[in-house]
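First chain written, first letter: the chains are A, B, C and D, and each begins at residue 1.
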Amino acid sequence: MSSSEVDSGDNVHPGKPVIVDRYTVGARLNHWVTAISLVLLALSGLALYSPSLYFLTALFGGGALTRVIHPWIGVVLFFSFLGLFFRFFRLNLWKKNDSVWLGRLREVLAGDESKLPEVGKYNAGQKVVFWSMSILILILIVTGLISWDEYFARYFSIEQRRMAVLVHSGAAIVAICVWIVHVYAGIWVRGTISAMTRGQVTGGWAWRHHRKWLKDLVTTKR
Amino acid sequence: MNIELSRRSFMLGAGAGLAGTSLAALGFGEIEAAHALSIRPFRLAQTKEVRSQCPYCAVCCGMLIFAAESKEEKGKMEVTHIEGDVDHPVNRGTLCPKGAGALDYIKAKTRVKYPMYRKPGSNSFERVSWDFAMERIAKLLKDDRDANWIDKNRDGVTVNRWLTTAFLAGSSVANEGGWATFKVSRGLGLLQIENQARI
Amino acid sequence: MTNSWTDIKNADLVWIMGGNAAEAHPCGFKWVTEAKAERGAKLMVVDPRFNRSAAMADHYAPLRSGSDITFLSGVINYLLSNDKIHKEYVRHYTNAAFIVRDDFEFNEGLFSGYDESKRSYDRSTWEYKFGPDGFALRDMTLSDPRCVFQLMKKHFAQYTPELVERVCGTPKDRFQKVADWVSSTANGERSMTIMYALGWTQHSHGAQNIRCAAMIQLLCGNIGIPGGGVNALRGHSNVQGITDVGTLTAAIPGYLALPTEQEPTLESHLSKRTFKPLTPNQTSYWQNYRKFFVSFLKTQFGANATPENEFGYNYLPKLDGIYDCIKMFDLMHQGKTTGLICQGFNPLMAIPNSNKSREGLAKLKFLVSMDPIETDTARFWENHGEFNNIDPAKVQTEVFMLPVTSFAEEEGSVTNSSRLIQWKWKAADPYFESRTDTEILADLFVRMRKMYEKDGGKGKEALLAVDWSYKDPLHPSVDELQTELNGKALVDLKDASGKVVRAAGQRLATFGEMRDDGSTDGCMWIYTGFYGPTGNMAQRRDNSDPSGLGVFPNWGFSWPANRRIQYNRASADPDGKPWSEAKKYMYWNGERWTGPDVPDYVPTIPPERAVGPFIMNAEGVSRLWVRGLMADGPFPVHMEPFESPVGNIVFPKLKGNPVARIFKHDLAALGTSKDFPIVGTTYRLTEHFHYWTKSVQVNAVTQPEFFVEMSEQLAKEKGIKHGQMVRIRSNRGEVKGKAVVTKRLKPFTIDGKTVHQVGLPLNFGFIGETKKASPINGLTSAIGDANSQTPEFKAFLVNIEPIAGSVA
Amino acid sequence: MFTPVPNPTTNPVPPKFGEQDLIRRSASTVTPPAKRLTEVAKLIDVSKCIGCKACQVACLQWNNLTEEVGVNVGVYDNPHDLTENTWTLMRFTEYENTETGNLEWLIRKDGCMHCADPGCLKACPAPGAIVQYSNGIVDFVHDKCIGCGYCIKGCPFNIPRLSKADSKAYKCTLCVDRLAVGQGPACQKACPTQAIVFGTKDEMKQWADHRIKDLKSRGFANAGLYDPPGVGGTHVMYVLQHADRPEIYAGLPNNPTISPIVEAWKGVTKYVGLAAIGAFAVIGFLHHTIAGPNRVTEEDEKNAERLTEGRS
């Protein structure tokens, strides 16, 4: 099974069109908790990050509440993402073909997938998003805790706390960019969003974008 | 009062007049203006100021005591703030940490509010009336005085003394209270009288 | 203080020793920093610890606690042997020229007349030689071998810098610089002020420490001039006023004496104290003693004081000895005392040997505490674990804790350290049920008098003789009491020509108006004029200073006679001219004495009358030689504390002060350097005031907990870590505190031996906001100075050890 | 003696400055005032400081603050650090001067320096929570403070502290309410030895010169004024006996500046970050416009059906 691209819960339902189960209810819930946290974090974080976006604190009931809520959402995000991580990390492990796929980014962006290797459950782009988010969230939680003065100020020097906020904001910017890529990819690649809403995609979608996954699925679920 | 140079009252400089007028034009009253600015209104405004002096050491620094009606005891004036008296030639408005904190002395947790009495062998004080305390103390004093009074010594010299009760006089009481203390304690015939001068 | 706080700014050299002005009197110390900053003055500090004053000093010299006399004698020797003295001042304004009796002797630390069995001196040989005219003999050339000056030279010759180093542990160069700087003021051009406090008084030879300082200042001519003087920095706000008013065992207001039982009549009392001049033309102001004493009697007994009954003289109690606070607590400990009234006094904390004090208090039938705050004494019967270990059930003492108004809730006059009487106005109403001291005492007194009137009793006559004719006997007014302090004419006072100079009922303007025939009253002559006919001088608030010398003549009232610098006639030479322009103060203008101050002199006596400037002294001059006025010698000698890490190196026969009084219990409680090798010394912290501010939250914040200061070397030797809890023991008790290991304390080398010293702040106890602590006086010994009975708090022996596993 | 400010009056007085005198406001801009106030300063002369803590007490009293009673840990510094209630603190250093062989007890009053270029204000994300008046006062406005603690990180002197009670940041206000009625700060008024004096910044510099001259005459060749240019100068200045080594005074920073990390964070990063986010969004948009959506074709569906055939 180790080389199989199939996750527990994945399934395929022949028919017209073919329907493929891509994400279980648990995975989807987990994803959306993470997603909402991330959006809220981005909004509250940006509000505290740049005076020009301070108006966003209104969404959270003012500056002080924004400051109070942000780190707690961060904690939620961290544990939520931890869930996603353990769900998804195995199929996000880097494979040789991923490098090939990434090497042909031009074709990817052109939507010309015939020239790409067959993709498992996740393509290299998704894997990059997954791993960068994993690393960034780890950085964010660590630096976030260091700069969470209400509880942790006394354990760190000023210099460490200063560095932490700088790294935190840098990491957050990168994370937001990664998030943009992630969301955009979902929109651009039509038929993707249903994977996270209903948990299902069409067979055609799977054939087009994750052919190896579909094939493995058909094989294993025989 | 030549000690105060008016120069210094202008220290805050040119902007002051401007601030006053422009605010007035906006229709802000003084106190409201201060609130609007997030600058706390001056605490001492409309309190009663009294010139006093520090109760601690013998530099006897001049103090300004500010008082207002008590929240705890209606109808009574209580001290709200203390700072140094700039007019005073010795301290010139300064106070040491004791003097600067003298308000916390007036309001100390251990301040005695009522006459308190502890019975022999008891484990606590109980609140009593002034009348009870005074009557009891007077009785104790009289009993001891009557029991141990010496009007003449062995040589027949009139000595009028009472040696079995002692009086430790305070050194922070004012001179007038000090004199009353002397008059009463000597009037009773006490010789065991001391104050802090020796220690 | 001979001078005033603001006068310190006129000093060219400030010497702080036996005190820590920056710590204990920060706002007075301001004038030291002013002298430094604006005058370029130098500050030197000599102290066992590098303290807050030392932090401000240009020169610091350490000395072992208790060795001050040797250090100061070293300075005296330096001045005399190098002839660095103000010669004319010494010749004319001190008794240097006076010839001493031939039978006076000094041997191995003891003066002639010592009686070991009585531990006292027969002081009759410590006297001048008198001529046939009854006046003392003098040699104005100062060369007679029996004149005070020559005796002094001989007496102090052995106090060399080497000896100072051996005894005091002061490095020679550090001592030498002090002596050099002192000598730079022996010229009338520059002045030095000496500031001291309990660091000098709290020794068994404390009074002699101050003698030394006075002698140095006289040799330099620094008494009576701006920026000079010997300035005692007093503790409590009104300790000066309360001492003036005489609430001390043997006193009557204004430094008059309470009669002893050897004085059965008024005349026998007065004749001993009305001193005749010892040289021609002298003022000898105490000749007026009888006027002051009779006026006092008129105030105490009012209409009951008549010429027929010697003005009520025999109503006064008479002494059979003195009852100072050490004696008081010894009697209490012996179970001889029934009751104790503490008015603003916390003796469990303040009196030496707290364990003895606690045992004494437990033997009382009743204890009354009159205080704005709860004191440790008022709660002495309460168990506070190791800090006050007592079983309440076994204490049969009745205790009263009476609420007294605080300083802000009453009005009256208060006398500061420099004799300046100022007014405080009432700012707030009494806190809850509190009453003023006067109201409480009046209530008690009136009640007792009623009891005696109704039921009779012993000593009734004396009790009822006291004048209590206040308008409202339960509330004598401040105005009435102040009038009594000041004095008034009881009948029309007339001058020689018959003109009325003061109408009956009018308040007196000066003590010069007092009479000895009962026609004036006034219980405290030195204050007369402070509430004179023109009004309440203590309330004056004109802070102008026309001379710029910090005199402020119209601010309050400085007793006596509104004088700011005492002995100020000495600021001019015998011809009445200022010693120098730089130190110009009071001078003769051809008609009278003038200057920025009130002359300490009859203003119209011309210089050629050769009346000495020290008008209170029968000699007319100051005393380098103190005659028989001190119990332990006419000159200072090196004496060790009763508990000392070393023997007396200078006079091996002397054990402590040979004439200090020691009670049996206290003798037995002395420890030895074998068991207790470390010198302990107690002091207060700037963040606290005695035992009051441990009840003050904000002060508890700034110094929250008892600690002991020690050198890095001692800490290492004992294995004590910074901030660790340590135990300090003396032969009388023990205390626990945090270790403050500091570079500011250094071990001393005394006669080749290393001597450690620890510093023990005294402000902590078991009542209040600070962390609980045992009274520091649990360690100290109840042996006092031979003259003043001030306990030896500044030098005693302890040992110290770490308490395992307790690092802060 | 530096002439003290006369006693306060108990009559209400209009404040001498206010909102219209702000020259900086955190996370927002202000209209520069038409006329600037004279700059004021507090001068702390360490050589005159006896460490009595009167300033600490006066500060607590004037500002109605209550500090906890702590413990002794082997030093005179109490409390042991600045807190939300202790806005000023005496820090004690025992310094052995090897040149003179003398021990020096250096006692420095720590607290807000009221920098001309305040790092706290720069770091603060809440508009108007930190303000700077043209007379030099840097004040925290607690209604607007959100308690993020960025000011602490922005401060080159490590001064502000977060309150455990209301999670807002606190520090010395230079007694803005006293200055507004013409009084000096409470700590300055109390200081027994005039180790703290207060006046216009020019007066303070002159007074400092006078003090430095005195110190030099007493052998402190390196005596000098601490008015660090790295933060544009401060409105709390020190006279130091050893101005060449401020760090011996309980770690007073030598030539402090706003930390480059903070500068980076509040400066370039902010723009680069927002630009990056914007760029990603724009690129996405452009890509979509140019490349169009990536749709699944009929054929893809067919292929999938083919693959799964016979599997039902």
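Here are some notes:
Criterion: contacts are C-beta pairs under 8 Å (C-beta built on N, C-alpha and C of every residue); 3 or more make two chains touch, one makes a residue touch a chain.
Quick caveat: nothing in here was measured; it's all calculated off a predicted structure.
Chain B has the Cα centre that lies closest to the mean of all protein Cα atoms in view.
Using mean Cα coordinates as chain centres, the one most removed from subunit A is C.
Distance between subunit B and subunit D, defined via averaged C-alpha coordinates, is recorded as 38 Å. Per-chain CA centroids place subunit B at a distance of 24 Å from subunit C.
In whole angstrom, the spacing between the mean C-alpha positions of subunit C and subunit D is 49. Those residues of subunit B in touch with two or more other chains are numbered 48, 82, 87, 91-92, 94-97, 99-101, 104.
The residues of subunit A never reach two or more other chains; the list is empty. Contact of a single residue of subunit D with at least two other chains is seen at positions 1, 52-54, 56-57, 60-61, 192-194.
Across the whole structure, chains are in contact as follows: A-D, B-C, B-D, C-D. Subunit A meets subunit D in the complex at residues 12, 14-18, 20, 47-52, 54, 57, 62-64, 66-68, 109-111, 147, 149-150, 153, 158-159, 161-163, 165-166, 169-170, 172-174, 176-177, 180-181, 184, 187-191, 202-208, 214-215, 218, 221-222.
Those residues of subunit B that touch subunit D in the shared complex are 4-5, 7-9, 11-16, 18-20, 22-24, 30-31, 33-34, 36-49, 64, 66, 81-87, 91-97, 99-101, 103-104. Of all the residues in subunit D, the ones that touch subunit C in their complex are 1, 47-48, 50-54, 56-57, 60-61, 66-76, 78-79, 94, 96, 102-105, 107, 192-195, 210-211, 214, 217-218. On the subunit D side of its complex with subunit A, the touching residues are 26-28, 125-127, 129, 144-150, 152-153, 155, 158, 162, 167-168, 259, 261-262, 264-265, 269-270, 272-274, 276-277, 280-281, 284, 287-288, 291-305, 307-309, 311-312. Residues 22-23, 26-27, 29-30, 33-34, 36-38, 40, 50, 52-56, 58, 60, 686-687, 697-707, 722-724, 737-744, 769-771, 808 of subunit C touch subunit D in their complex.
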